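For clarity, chains are labelled A, B, C, D, E, F, G and H in written order, and residue numbers in each chain start from 1.
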Amino acid sequence: MNKVAVIMGSTSDLPVMQDAIDILKEFNIEVVVDIVSAHRTPEKLFDFSKNARANGIDVIIAGAGGAAHLPGMVASLSPLPVIGVPVKSSNSIDGWDSVLSILQMPGGVPVATVALNGAKNAGILAAQIIGVSNETVYNAIVEYKEGLKTKVIASSKNL
Amino acid sequence: MNKVAVIMGSTSDLPVMQDAIDILKEFNIEVVVDIVSAHRTPEKLFDFSKNARANGIDVIIAGAGGAAHLPGMVASLSPLPVIGVPVKSSNSIDGWDSVLSILQMPGGVPVATVALNGAKNAGILAAQIIGVSNETVYNAIVEYKEGLKTKVIASSKNL
Amino acid sequence: MNKVAVIMGSTSDLPVMQDAIDILKEFNIEVVVDIVSAHRTPEKLFDFSKNARANGIDVIIAGAGGAAHLPGMVASLSPLPVIGVPVKSSNSIDGWDSVLSILQMPGGVPVATVALNGAKNAGILAAQIIGVSNETVYNAIVEYKEGLKTKVIASSKNL
Amino acid sequence: MNKVAVIMGSTSDLPVMQDAIDILKEFNIEVVVDIVSAHRTPEKLFDFSKNARANGIDVIIAGAGGAAHLPGMVASLSPLPVIGVPVKSSNSIDGWDSVLSILQMPGGVPVATVALNGAKNAGILAAQIIGVSNETVYNAIVEYKEGLKTKVIASSKNL
Amino acid sequence: MNKVAVIMGSTSDLPVMQDAIDILKEFNIEVVVDIVSAHRTPEKLFDFSKNARANGIDVIIAGAGGAAHLPGMVASLSPLPVIGVPVKSSNSIDGWDSVLSILQMPGGVPVATVALNGAKNAGILAAQIIGVSNETVYNAIVEYKEGLKTKVIASSKNL
Amino acid sequence: MNKVAVIMGSTSDLPVMQDAIDILKEFNIEVVVDIVSAHRTPEKLFDFSKNARANGIDVIIAGAGGAAHLPGMVASLSPLPVIGVPVKSSNSIDGWDSVLSILQMPGGVPVATVALNGAKNAGILAAQIIGVSNETVYNAIVEYKEGLKTKVIASSKNL
Amino acid sequence: MNKVAVIMGSTSDLPVMQDAIDILKEFNIEVVVDIVSAHRTPEKLFDFSKNARANGIDVIIAGAGGAAHLPGMVASLSPLPVIGVPVKSSNSIDGWDSVLSILQMPGGVPVATVALNGAKNAGILAAQIIGVSNETVYNAIVEYKEGLKTKVIASSKNL
Amino acid sequence: MNKVAVIMGSTSDLPVMQDAIDILKEFNIEVVVDIVSAHRTPEKLFDFSKNARANGIDVIIAGAGGAAHLPGMVASLSPLPVIGVPVKSSNSIDGWDSVLSILQMPGGVPVATVALNGAKNAGILAAQIIGVSNETVYNAIVEYKEGLKTKVIASSKNL
């Protein structure tokens, strides 16, 4: 069975990152959740990243705020696809810090970045990645997208 | 065999997007390249996106500049994972326009965004996505990352 | 009779977009309102845009937030003048994302962009466009501008 | 016959603004060109704006850089639709000054803003505005958009 | 007696601009206050600016928000020194619009710009300008600056 | 006779600041020029500022780049009106650093800020300040503004 | 015994700067606190900076908001290491003003800048600087970092 | 003897970082130079940081561009003071990415950040840190600051 890890730098990121966990569960994808801080638990960062593949993880979603180094460092240490979620923390400079420190990775080490606080999209993207080789998940995404459409059309009828 | 589409809004984006094509070929992944403009060929955008899966494509890389709508519109129309490359075009406001109009997608429709002009990383990310289920490609990525390391260590010896 | 369409990506944009509807009604211009999401209902976007002229619409006002592709995609699909309203949505990066992804359209496909949350001005601009060939609407705008002046002068008397 | 005025704050804006003049001529629309500086010739600004309608002008395109007040002041003085072109002048702060001082007009006085240096799109937008009531111009726009499509499709064949 | 005019685009700017009025009264400088909107009362803008010197005004303080054209247009029309106060209005893009559209005036037409919402400093600056030739006001400024010092030193004793 | 000081942090600012010197000479105003670095010659900064009035100086123009503290520190030390010129130095972050560190002075200590590299306008503003009490300089400014108008009108005839 | 000075431009900065004082006390480092305003008490700034070393101070932490000149001016006047804390004051432009006017110091006069409102990190950095030659403080930092790790690991157990 | 490490992510950062090496040598401080990439050689990053103190290093200067994680990760792994130099790399978004990803570190893990490309100041800051306990280096800094002053005063004589 496919498995996605959702990690974040601090429990204060959980309210944002929960959206990723919820949508992955909706797609019936196994999720492991952990707190891994690049700046306060660098050894755990190493262990987690080096062993992710062996632990059956297919995709890693990492959320962090401010000078957000977690997604990029995981991408440095693991060959798995890493999705970065810029979290708008308190004392952030309007979110620009998290966005730029996740997005602007150097050539050779990509992080798949989603919108500021866009954890839900990180979950969907992880599902799409799994859907490349998993027909059930692929079909769930097709259905999910149909659902989005239906809701918009319904909402326009209530205008 | 796995296949990645590399599309862009204009031939003027090709010098940037070539990096994605080159690295994918290095990973022995089949690449199809096309010009698809969201603003000038919207019907082609629809056809391309709707038929991508049926045409054997696993991942779509889309590059565009300015008010860059191509990656987001492909993501709207296809359930495949879409990687967006913000291209710094002439008359761009320092690249902010391409970055923000690709990154800040609404909940439900993710685009995996890479750095400004980061086409090479888009290619590597596509390979990592394929590597989730393709052991050969996965191993090629592991090897590629070893190569990065070797080069840095060699360069430090020449200081 | 002249007709203006006011569309938006989501019902959450309605509180902002209502200003356009209200001012158009003040000018006695017919308004059709609809929810059209570039990212969740791309087929409806196509149908709406392709048939706008045939449906008697003269000007299209489109509001959207974040990576705001609706105005630009309507402009791609319809030869009518399209007015874009950048909406400051939650999780927006201070409105920059909506502004830049509506404003910075490539050569060939203009969107007439108004200020952040400037739906009222979008309505006035649509009226001005209609006023080019409709003397009644033109005169209503002249009168409206006189009214603005009168109110400012009155307010200065109360200092 | 329909007529569009293309004005700008200085002859140094002409290389950018020429694109508007050229495309309007392609659409067979009459163009009057003038230098009107909000800051150096305020009386001319008043005269020009107050008499534009009487002089047979349907749409005004105004280009300016830096603290760009020309488009907004013309919109203050004339009930005609005004299209603003932010010009990236020397000593501009990356074009942000021109963009924001044209775009962010207060409620009541819209300026239809196009992209930084987007004079070509200003010309097309003026044509679209005229096309609302002028079938010939409308058809020319439809044809122009077809031409854009054809060129993109041709370019993709040469890849 | 010296006289300073404090004008603003709308009564909604008064809470900010009151600081200028208050500090000028503290310096015993005569103040005239008026609402002059560049965009809604352009004729009043002309009359006010053209007659300011004849009306005994020495310095003009103009406050405005968004695409703030009032200070620059007054500076265009009057040879008096003009001080611009960027006001952070609702729907402003974080104040950048007011700051840049007041500050970035073209060569030949300066506006003495103060900080965002810095009306108090505008009042002090007007007093300093008058102090160049008015010994009483000059001495009041010297005393005011001593007062600032005294307050800071007192506050440090309460730590 | 009236006198203006033009100071700057480094000789590398001279090419920009020369515009202030030149225009002041055009207005027949005496100019003293000096290099005063807030960061490298703080004692000279103190001496210069404390003695400026006694040395017959009426207005101080201070230009600096990067973290530009010179104008604000002179304003801290002298009761004279201080005009700040943000200089775009090499390694500047697009000029934002100089602009913000000159403009955003705290309540009590104003700096009259002009546009990025706007030394010419600093000179004109100094002349306008002197013109408040000096009829000859006032008339020269009136004439200068007429000259600007004449040049623009002439340039429009050559279109 | 080692001593750190924590100074700030105004008592309104104290709620932010208290974090520096608290953490330094945790490390058993002597702290002297004072209000020193670059703009309102320049003479005190001179005296404080010139005598800091003689007063037994090893490191200076200076916090300020807006056009924040305090850290840079202290660095100009004292050869001691100066740590700057950009404070996000009211009327700040999102903190950019404080950040840039502290960070972008010219060659020759460094300020060790920490994050917006990052007074706690300023305190830790001062301790690290002292730890270079003070084994007790060095060991306290090692222990502090272990504590950070322990807390993160504990928090992950409560998920 | 005191020792400073100057590390950087890539040899392409050397032209900028050389300024730190040169000024440290001027202060007769021992310098070790190495290439350590957070993203390409994470194991070397760990080894370097963990052993820095044992290897006799007192202060670490780390330069990096784009999503610059090197300084923050070294600060995560070592209790030594870490000075971060934001390097403006090609494809940087005007340097904002390097600045924000180095500056905005979370509470607990400071990086002493200097100006964009400010390697010279990083070297001086390292010397100042060493000067806290090393009288020879302290005196060299005092002398260096005198030299800055002398050069400015000499330059003002050549005006």
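Here is the rule we use: a residue touches a chain if its C-beta (ideal position, glycine included) is under 8 Å from a C-beta of that chain, and two chains touch if they have at least 3 such contacts.
Given the structure is predicted, the values throughout are model-derived calculations rather than measurements.
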item	value
If a chain touches chain C and chain F alike, it appears here	D, E
Result of counting contacting C-beta pairs for B-D and G-H, higher pair	G-H
Same-site or different-site touching of chain C by its copy chain E, using the half cut	different
Whole-Å gap separating chain F and chain G, where each centre is the average of the chain's CA atoms	33
Chain B and chain E, separation of their C-alpha mean positions in angstrom	51
Chain centre separation in whole Å, for chain H relative to chain B (CA means)	35
In chain C, residues with contacts to at least two other chains	10, 40, 66-67, 91, 93-94, 96, 99, 103-106, 108-109, 111, 115-116, 118, 145, 148
Chain-to-chain touches, reported pairwise for every pair that qualifies	A-B, A-C, A-G, A-H, B-C, B-D, B-H, C-D, C-E, D-E, D-F, E-F, E-G, F-G, F-H, G-H
Complex contacts: residues of chain F adjacent to chain E	19, 58-59, 79-81, 83, 99, 103-116, 118, 120-122, 124-125, 128-134, 138, 141-142, 144-145, 148
Residues on chain E engaged by chain C in the complex (per definition of touch)	10-11, 14, 33-37, 40-41, 43-44, 66-67, 91, 93-94
Chain C partner contacts - residues on chain B that touch it in the complex	9-10, 38-40, 42, 46, 65-69, 72-73, 75-77, 89, 92-93, 96-97, 100-106, 108-109, 111
List of chain H residues in touch with chain F within their complex	88, 94-96, 99, 115-118, 145, 148-149, 151-153, 155-156, 158-159
